[in-house]
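By written order: A, B, C, D and E. Residues from 1 in each chain.
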Amino acid sequence: MSGSRSRRSAKAGLPPGSLVHVGKHAAGKATITVATYDAGEFRIKESSSVEECFSLVDPSRVTWINVDGISDAKTVEAIGTHFNLHPLLMEDVMNTDQRPKMEDYDNLLFLVVRVLSPGNGTGGIESEQISFVLGDRCLISFQERKTDLFKGVIDRLQMVRSRVRKSGADYLLYSLIDVVVDNYFVILERMGDNVEEIETKLISGGRVETLNALQKMKKDLIYLRRSVWPLREVLSGLERGESRLISGTLHVFFRDIYDHTIHAIDTIETLRDMLSGMLDIYLSSVSNRLNQVMKVLTIISTIFIPLTFIAGVYGMNFKNMPEIGWPYGYPAVVVLMVFVSLAMLYYFKKKKWF
Amino acid sequence: MSGSRSRRSAKAGLPPGSLVHVGKHAAGKATITVATYDAGEFRIKESSSVEECFSLVDPSRVTWINVDGISDAKTVEAIGTHFNLHPLLMEDVMNTDQRPKMEDYDNLLFLVVRVLSPGNGTGGIESEQISFVLGDRCLISFQERKTDLFKGVIDRLQMVRSRVRKSGADYLLYSLIDVVVDNYFVILERMGDNVEEIETKLISGGRVETLNALQKMKKDLIYLRRSVWPLREVLSGLERGESRLISGTLHVFFRDIYDHTIHAIDTIETLRDMLSGMLDIYLSSVSNRLNQVMKVLTIISTIFIPLTFIAGVYGMNFKNMPEIGWPYGYPAVVVLMVFVSLAMLYYFKKKKWF
Amino acid sequence: MSGSRSRRSAKAGLPPGSLVHVGKHAAGKATITVATYDAGEFRIKESSSVEECFSLVDPSRVTWINVDGISDAKTVEAIGTHFNLHPLLMEDVMNTDQRPKMEDYDNLLFLVVRVLSPGNGTGGIESEQISFVLGDRCLISFQERKTDLFKGVIDRLQMVRSRVRKSGADYLLYSLIDVVVDNYFVILERMGDNVEEIETKLISGGRVETLNALQKMKKDLIYLRRSVWPLREVLSGLERGESRLISGTLHVFFRDIYDHTIHAIDTIETLRDMLSGMLDIYLSSVSNRLNQVMKVLTIISTIFIPLTFIAGVYGMNFKNMPEIGWPYGYPAVVVLMVFVSLAMLYYFKKKKWF
Amino acid sequence: MSGSRSRRSAKAGLPPGSLVHVGKHAAGKATITVATYDAGEFRIKESSSVEECFSLVDPSRVTWINVDGISDAKTVEAIGTHFNLHPLLMEDVMNTDQRPKMEDYDNLLFLVVRVLSPGNGTGGIESEQISFVLGDRCLISFQERKTDLFKGVIDRLQMVRSRVRKSGADYLLYSLIDVVVDNYFVILERMGDNVEEIETKLISGGRVETLNALQKMKKDLIYLRRSVWPLREVLSGLERGESRLISGTLHVFFRDIYDHTIHAIDTIETLRDMLSGMLDIYLSSVSNRLNQVMKVLTIISTIFIPLTFIAGVYGMNFKNMPEIGWPYGYPAVVVLMVFVSLAMLYYFKKKKWF
Amino acid sequence: MSGSRSRRSAKAGLPPGSLVHVGKHAAGKATITVATYDAGEFRIKESSSVEECFSLVDPSRVTWINVDGISDAKTVEAIGTHFNLHPLLMEDVMNTDQRPKMEDYDNLLFLVVRVLSPGNGTGGIESEQISFVLGDRCLISFQERKTDLFKGVIDRLQMVRSRVRKSGADYLLYSLIDVVVDNYFVILERMGDNVEEIETKLISGGRVETLNALQKMKKDLIYLRRSVWPLREVLSGLERGESRLISGTLHVFFRDIYDHTIHAIDTIETLRDMLSGMLDIYLSSVSNRLNQVMKVLTIISTIFIPLTFIAGVYGMNFKNMPEIGWPYGYPAVVVLMVFVSLAMLYYFKKKKWF
């Protein structure tokens, strides 16, 4: 729910558009990667100086500026100022707990998506925010920290004949979002495996840890759903061609990732349904097993209590108890006891009580 | 959730339009069946050579190309290239975990539906993907593996006076989807029978296996729902005549299968409602039966404990216990014990405790 | 879920428009009733010969053809052929497990509604399908079997000054649907009474049969809902005047039955809510009563166990037990026992444990 | 669900527009109150003769006719005939189990609302139907029985300078509906108090009566919801100015009662949410308390059973039991028993078992 | 649900537009703060005299009138009369239990929002109503009591170069609502911390107090949701530019707070989901722990009952019991007892019963 670093509430009272980082990954200095390309040539340069980066932008070619480490407010602000971005847009870039959204700023398209990654160690899910600002021949992407998520796209950019190399900034945006959505399936399949593993454990007898794993997975799915669900609307808007910055031939591509998103949401819902079915099974099996134990214990007591009573009777000290004096009194009573216990066992067995 | 063969996550990082098979049935070579017909003549040829198939296509007549075994990427790609199909369309054909959908590619209509079949052996449900590409006088269908699902349609095509023989490729498409939807009812009636069978078992006393059967059926219904539900939108689109490739006289036919789909969804929802009602009954009956047992056991104990106490009293070794010496002390105590136990039984009976 | 006679799955593989009866009531020959009327005259004739019926149709007057027993495929087909009805329409007439719907065939209006009747004997709900085909001056109604549902309408038709006599076939259709919807309230009030009866039983102590009755009623309501809910859309369409076969002055009448249907749906939802509240009460009261019993039993045991212990102490055979020799040892112990048991009873009472 | 008097099912089979009273309050003769007013003068007359009432209507001034006791079919019919009201409208007036609705009859507006009142004695909720027919300068209101609900409006009508006196029949309609909606809050606050009272009882320990009160309140809320929810749509229609009989300046007034209705619905939903939370607490607290009792009882038994065993050992009659002969054997055993019981108590205490 | 002071039901029967305060905070006299500013100058004056305030209004500059303490009906009415506000608007200002809403009065925009604050002491949530009336160059805000919520905005107004100083009354409105929405996150993060705290407590073993805290938090969330949810629609209306009083350049700003509101609603839903998951865990862990205790107790009893039986056997007084006379009879029985108890312990251990 709440990260340990910078929280949203820290912004209460500040004027709108204040650039305050909200999020977990407070890295130091941002790294800026500038790539410019056209069909003929591809150049890429990594730097941490903003001015050097700006000098690399070439208006006659497609430019991709990727910023890793948005907690570095100074760098982000310099970029915002240089490209004349709206203060609220810049504020959204630095608030890393946003839900996916698309906003149309006259000559710019602003997109927020969330990329998922398995949490380190404990097995949960983590999500990071990636913001895109799409201009005419320019795409700026902001990431929370340096990852190799977009490595495949850079590789394709380096190939002379690849489609992305021959297309504009809108196709580059599509390629990057495609990577993000494809990545969801890696997470979802991992979760599907986990669900099956938990199910196997449940069948062989549930324990408290299984319940905790189940609840944790449920929480992860709530979180996942929140990250993926709103992306649906965003992509539906892009597919319908709401923005003039996306060329018409790309609508079929955005429809494709829209379909993938629907597929991911479907899978999330199915996993949720399966988990709640498993919770029912777990609770039922736990109470079943315990009740079974209690039943057996109670049956043991129930068999011995009448026997103890019989023994008690012949332990009475009445002077006038004829049976006491009989030579076969004792064996007779033992036989009686054996008979009573066998009769009870037979009765319980017949009633299928154990 | 996840097949053991090729998974979707294997595609993460690849450029869009990469033809990688995702699914369970990785057969070897694809089989292609080409049928051409008009009112006068019907010819059908099965082959595994792509070139031979292309040579059979007759633009003056209706052509139906059926591909069985889409894991054969080479054949699928050859067909895609020959008919100039969009790379994303070809990618969707090979991803066999798609939800039903319809996509309009200018001069083509692309449809994905799912056909259901009872899983072999264990009794679950399996679903396979069938993709249709409808052109002007041409229909291409892609199936995961060879089945005799469309045998009835081929039979009707061979009859000179059948409606399908005299109509275009759109009517053929309708006939094939009609077969798929009719097939749902075979599965659904089988599941309805299962539900009734489980219900009968529940009334005669639920066991853990019944619960497992119930949960498995619930999972099957989730899966079924996912396969059938999106078909509703697809058929609603066809019925409303969104595509110019479907002639107006066919709208009433597509409305008919739309109705059948609604009917199928209705049945699924009813089965779901019934299953959850049965889970309630199951849990209630299990706990009821167990409690009944515990009650009887406790009653037995409760009757014997006071008796044992009485025996204990007269087992005390006090020198001065007048009753001990009475000649009828022992029978009197036995009578007392019988009276106490009968009184308790009567009281429990009157209170309807057993 | 599934009738014992003819099932829908029997149709899988047949060409669309095949006239195969799907349903429970497979009567023999159909009975056809033809009524023709105008403001001046009313004539009615019952026959089982199709040709005789056709000869009675009078195009200058309003004609109502009522067919009882649609399992007689030959008769139904003859009527379809004579009036040139669409094959899919005829197929829908014979499939008696349809949900209510309205379809517009150019010059015809096709309506399917479901009429409810209390199941014979066991107390469940049964529903039958009635199909209407409304033409210009002609109405054909298809019923599964002969009932006296429409007797009241025929009576009104025989009265010279009745509104239905002076109006067209559309008002006749309205009158018949009105009868069907009014009939729902008979069923719903019967169910409301049942619910109240079950509730009374629950308050006086629930039993397993009550639970079964509750679950059966729940199932009936699911079934009912499925039959009534889609009628809402059908009537909403008629009220909004979507068909040119319904004259404008009738819209207010269809709005009226639309309101009645909403009312019926409302009642169904309320009954459902009440039933699920009752299930909670049932489960709670059953577990409460059982726990009460267990508590009393346990209290009895708990009181006697310490007493038995005291008796056990003085049953020990130690040579040196001074109390044994005391003249008032025995009465003292009895007094002690009485005191202990009274103290425990007082404590339990004070703690409100019984 | 069903009143004891006249039920809706009694109407099945009757022609549409039949005036049959459906409802609980079957009073004898209706009372008619006719009020006519303009800015200058206000006259009011109560009568039970229909003709006398009609003579009082003054077309140049605003006329309000209030009918108390709609079970008097003759009076209601006379009014319907005199004002030429549609038969279906009159039927709706007499069916007192309608949901709130608005219907537009060309030159008339027909409204049905439900007024709530605390049920007498048992504490439930009762609702009565009030129908309004709004004409150009005329408003007719039909109530089930005589109440003093509208007394405040009559008082304001008698004040020369009040807004209602200076406005038309539409403002009068608004004033009356405003009274009805304001009245909901009296009921809702009473229910809110009840909910808080039940909650207080629950915290101090729930009993079966509390559960019954809870369930009854739940039922009341279902009923309430049904009465208030559809009013939302009705008022939304009036606010949007769908009828030409409502002057434009009144839209803001109807928006105001629309807001109040939303507020009431909100409160109902909140109460429902709170009740279901309370049911959870109740069930949990009941089972908790009972389990607590069982635990203490079981602990008592568990402590005495080993002690009884020790006593049993030294009650054995073996000739050769050295301890029996020891002079301090008995005290030693007593010390052992005390030690064992203290050890067990200490262990249970440490484990926090009581 | 209901405050202790003035309730809504007190208004039933009063004419619409009656100024009766409904709410908890019945402060005495209202405090009025009037601020006027343009790019050049900023003046602020606090007063409790209405006339003095009106004299400060300067039509050539932006005026902000803030009223603290709306229970002072006289002051509120004077303001309403002076600015010619609609009586229903004034009524809404004084009814402090409104849901957020926006109303368009020709030349005015009326907004109601709710500001949340942690309840004093007990930890619940309290909400107060703030009403805004936006005119052309004038904004009036009504608060229930004096708070320092808007202090930050006043500070920014005092800075010459701040955006709010250079903009109109619409930007001021935006700034104030922005403060209100930012404030939600303070509350939500506090609740998120509470949820985590409760979760930690649950894992270390739930108690009844934890359940109560959980239920209280659930109630708070219901309340929160009711306060925030309708704000969504209000802001969506402002963002879409429904009112001409909001200049076009501000739409992007209102879209921003709209996004924040969606984010807040999302967080509320997530917290609700988490709470209900925690309730499941709580109930399961409580019953688990108790059952564990009962099982151990039952096992102790079950081990001693057969031993007591053996002791009972040799306590019988039969003359002819050979074992009694055996010299090693007693030790043999003791060994038997030890063996029996060990065998049972081993069996229970092997079955994993404890």
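Quick notes
Just so it is clear, contacts are C-beta pairs under 8 Å (C-beta built on N, C-alpha and C of every residue); 3 or more make two chains touch, one makes a residue touch a chain.
In this text the structure is predicted, and so the values were computed from the model without any measurement.
Common neighbours of chain A and chain B under the contact definition above are absent. A rotation of 145° superposes the C-alpha trace of chain A on that of chain C, rounded to the nearest 5. Remark: chain A and chain D have CA centroids separated by 43 Å (rounded to whole angstrom). With centres defined as mean CA coordinates, chain D is found 26 Å away from chain C.
Within chain D, contacts with two or more other chains are made by residues 287, 294, 298, 301, 305, 308, 312, 315-317, 321. Interchain contacts close the chains into one ring where each touches exactly two others, per the touch definition above. Per the touch definition, chain D reaches chain C in the complex via residues 1-2, 7-9, 11-16, 86, 88, 91-92, 97-99, 101, 103, 105, 208, 211-212, 215, 218-219, 222-223, 226, 279, 283, 286-287, 290, 293-294, 297-298, 300-301, 304-305, 307-308, 311-312, 314-317, 321, 323-330, 333-334, 337. Against chain D, the residues of chain C that register as touching in their complex are 151-152, 156, 162-164, 174-175, 178-179, 182-183, 185-186, 189, 192-193, 195-196, 203, 252-253, 255-256, 259, 262-263, 266-267, 270-271, 273-274, 277, 280-281, 284-285, 287-288, 291, 294-295, 298-299, 301-302, 305-306, 308-309, 312-313, 315-321, 351, 353.
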